């Protein structure tokens, strides 16, 4: 039916009383996400929108509400700690929306997650949405539609663009996942491809990459080796100059490595149908699935 | 954030790494004074302090046998332009007596998701060339940041650089200290090239390069204070201060987009339709109208720009806020080029109304908008 | 190594923990001067600086409303003896206005094999009593030293101490800083009791106790320099400096053993055979004759000792070295008590010869030797 | 036949050219231990006693010689790192003789060992000996005799005393293990009891504890629950005063906890035959096995 989140998702929102956290907690509730708890130290005992109980710690939130997924909207200075806290408290799927976590902090966060068996989506990502069931993060719900195409992307608004193309052309999505544009992230393309491959309700996969690093190349190899479902791909940044960071901390061509063309080449060699333009997604999905 | 060599040298010294006494100067007179103070029998080297590689090839690095020659080199180097960056400062360092030149760096490795220490006996040259031609000469060790660099790790790396145990121990200490500096300043790169040994058996750092992770700066004001705004592109400085992400390119279609991925895809689509993007510009997630005004100012300050394209997919970004910003901007100053606006998503309808009221048209389709912006290059606004 | 309260307070302040301004004094005049300087409306407290608990009950802690009263208290406290330790220094600290008293400590926990932070709202009293009577009032959290204390860990502990988020945040910062001091100085205990809150909403440390792991001292000369030899038993200081491990007890059979376990077992066997051990003494693994001489000097300096027992099981320790040490010692000074020697293991035969040549007898069996040493108590040597 | 070490043990000695390391490397070789390599940084390429190759790193030693057990005799300032190095290089059984490792260092060493699946004996311990097969550490070989009694102890010379009593009375040992007297150690009583219980050639177990901590009490519980073989126990320190460290860093009664009497009580309740004197070991072993 989906990957990572579904109608059984019971969400705790870390930073629920902050500017971003409160806005998106409202949006998620409006979409139908089961937001069971919020966390803001010092506001334990209060309620969000008169309904959702707020706790001082994630541990207390889990104990009282059985929350099983966390969404993090706290400021950058506290975001890594929020991930540590969620994982230590036993949350197995943690979505970190916050941008600006130092990469050295991430080198400590990632092994901690591994030790606790927890999965992190992000940081600096738009989150995930399983249309009609649950939205965790900031992906606009109205552009999505339930269906059988899995979408995974390093980008935010570019994902919306592609998902919107699918939706307005009647192609629904199983789950849309934004993995984030930072150099070190908790969940990569391969993790999502594997999950989509194993999800009986996903029939085709769209993956949207960009310049920088080698995740797309490794994902291409994974597609060749392990993915039997059709995959349609896009790589942003063909016109990006080397050595300059394109907004995302991870979107940078180092020396001559991490270019869009090498990534597109790898995807093509793995049998992925590569789009020239975002709008091509519709035709390619129809053609290949 | 890139640090200048002279700044990086100070950080290494503060971290206990042996670095020859050197100093930075902004005038030939200062250069002569420093050369007299730090130069020994071997003379000094005068090095342009700019944030780019290839300083040597560009004539920005010169050897001088004495203070007078250093002064005359400084007169040539100060004020010169290397890859578009003006040289305002030079480093004056003694020329050391060198037996061997090695390479040492700590980087963040995306593959292992850890800091990695790289060492090579092939130092003093461009490591990218070594990596391409003779990769077997480079040794890498991923460090577990939960434990930090361990003594035996530093030793095993040092054994890759030297055979004599006295040099090995010095190198191991420098490796551990460089790792400490790397984490202390929140670097994404800390490099010593060359890490030299002298004929009398000392190991020391003759050059230093440090790049700091921008996300570390908020909690490290002392490092942030090292930022040299004069060494950066003024438009990029202005963009960063406004919370925008801007990179100047060589084309003529100015792009203003929300989101880095969409911004790159927009640039690519400009190219796809036969145009050339003038810039990467991401206004970010928030939709403060003031940011839009600043973005338009930066784009229009680029004289190459011949048409301006907005591509906004509203999520958190509210299209009406962007529309308000556009309207305010064109009221505030003359854009002077055709403007193509594509808006869709959150508050799209309100945005269209705001724009139409101001006599502007909004498109809903990305391809259509990009095509139009490319076509309008060269037309009068 | 125990630090004095005044030393621990300085370390906490250096670590950024709020500690009221206070100072240490060795004379009533200094006490009066400090009381005038640091005392506010609430007056001051004068506290004996000795390495033992129960200072208050022994009259070593007194409140004074002004400098004059502080001086007179100091006259009483300086020079007094608490549990055998003479008071040479007193701390003079202002009496703070207190709303609540909590307990905070970092220890090394053998169970979890990690540093553990302990907090309780039942502060200002003996925590052992709280642990015995109301253990549910103490909260413990094991810290993973690979990650250090995490912000949320400090916060969750601080929530156990306070309800008001302003106090919680202050306490969390203090908890993190105390953990940092703990690791920085190489402590096995760092304790703040009480951690007080004031009526105007500040959280601060009113007392401090730090015990440093002896094994950390070699690499921390600045901490080692805080050692106050005058505050320790002179015989134990002498033993430590000679590389011996010595603890004085109340019995009359002096024991000199190699190995801590065997030394305790020997003491126990003395008791088993009706005697009372005068000391624990482990000469350690090496068998330098000089150590044996020092050991015999220390034992014979204890006037309670009425017989001296050697129990050596030679492994690394060579029995002949011990024998040489014994012979040298009794040639150097008058032992003045009966001496029973048990030696077995490495170079046992050579040892027996050395001893017999000097007119001494060596036994091979531990039980026999202990029994004999107990029987000889009171006999003339 | 034994636990931890046997005739297949291939030993690398870390610090083999130091004063202690060279002395004990000789002693171990004399006893018959298969010392395959030594490590001293800077002396790689030399040989110890003209035979044993010396390497700069443990990794090189393993690669060249297949060493599978390490013994550490380096000075205290380098000992924790030597453990890290051995574990990182893949040694699964590490014996650290060195005394004086700070306990905070041990809090970092122990999880590292766990992550690498390695067992540490010690630090500050006499090591282990499987009579007639292999000796790793400093236990005098001549006081031991091959047999069927397993010995585990926190002490050094007290162990020798007990083992000697067994040997002179004709009772041989399967393996004698000194776990060390530090507060934090790699291998505790339970680890050894479990190994002896599972060793078909061990028929009875002697455990020698002392004051401080609760390891003996936990071991007693383990004996009650899991050990079917007869166990004879001794606790040193009945006459030790509270709050004073008795030589070993771990031998200290804290408050009223960790006393000899509570430990003896716990052992008795678990069915362990508790000695009054070290010499009692012979009679009790004969009686109970």
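So that you can tell them apart, the chains are marked A, B, C and D in the order they are listed, and the count of residues begins at 1 in each.
Methods note: a contact is a pair of C-beta atoms (placed from the backbone, for glycine too) under 8 Å apart; a residue touches a chain by one contact, two chains touch by 3 or more.
Keep in mind it's a predicted model, so treat the numbers as computed, not measured.
Novice: Counting C-beta pairs in contact, which chain pair has more, A-B or B-D?
Specialist: A-B
Novice: Approximately how many whole Å separate the CA-defined centres of chain C and chain D?
Specialist: From the centre of chain C to the centre of chain D is 28 Å.
Novice: What is the distance in Å between the mean C-alpha positions of chain A and chain D?
Specialist: Whole-Å distance between the two chain centres: 50.
Novice: Can you work out the whole-Å distance between the CA centroids of chain B and chain D?
Specialist: One centre to the other, that is 55 Å.
Novice: Check each residue of chain A and list the ones that touch at least two other chains.
Specialist: 108
Novice: Mind pulling the residue numbers of chain C that touch at least two other chains?
Specialist: Within chain C, the residues that touch at least two other chains are 146-147.
Novice: Should the pattern of chain-chain touching be classed as line, ring, star, complete or other?
Specialist: Topology of the interface graph: other, matching no listed pattern.
Novice: If we use the touch criterion from the header, which chain pairs count as touching?
Specialist: A-B, A-C, B-C, B-D, C-D
Novice: So in the complex, which bits of chain B are touching chain A?
Specialist: 108, 110-111, 113-115, 128, 144-146, 183, 186, 188, 213-216, 218-219, 245, 247, 249, 257-265, 267-272, 277, 280, 282, 285, 313-317, 344-346, 366-367
Novice: Provide the residue numbers of chain A that touch chain C in the complex, in ascending order.
Specialist: Residue positions touching the partner: 41-43, 56-59, 78, 81-82, 84-85, 88, 108, 112.
Novice: Using the touch rule from the top, collect the residues of chain C that touch chain A in their complex.
Specialist: Residues of chain C touching chain A: 147, 150-153, 155-156, 159, 165, 168-169.
Novice: Which residues of chain B touch chain C in the complex?
Specialist: It is residues 146-147 of chain B that touch chain C.
Novice: Flag every residue of chain D that touches chain C in the complex, lowest number first.
Specialist: Those residues of chain D that touch chain C are 76-77, 100-104, 106-108, 110-111, 126, 138-140, 143, 153-161, 164, 181, 183-184, 208, 210-211, 213-215, 234, 236-241, 244-251, 255, 260, 276-279.
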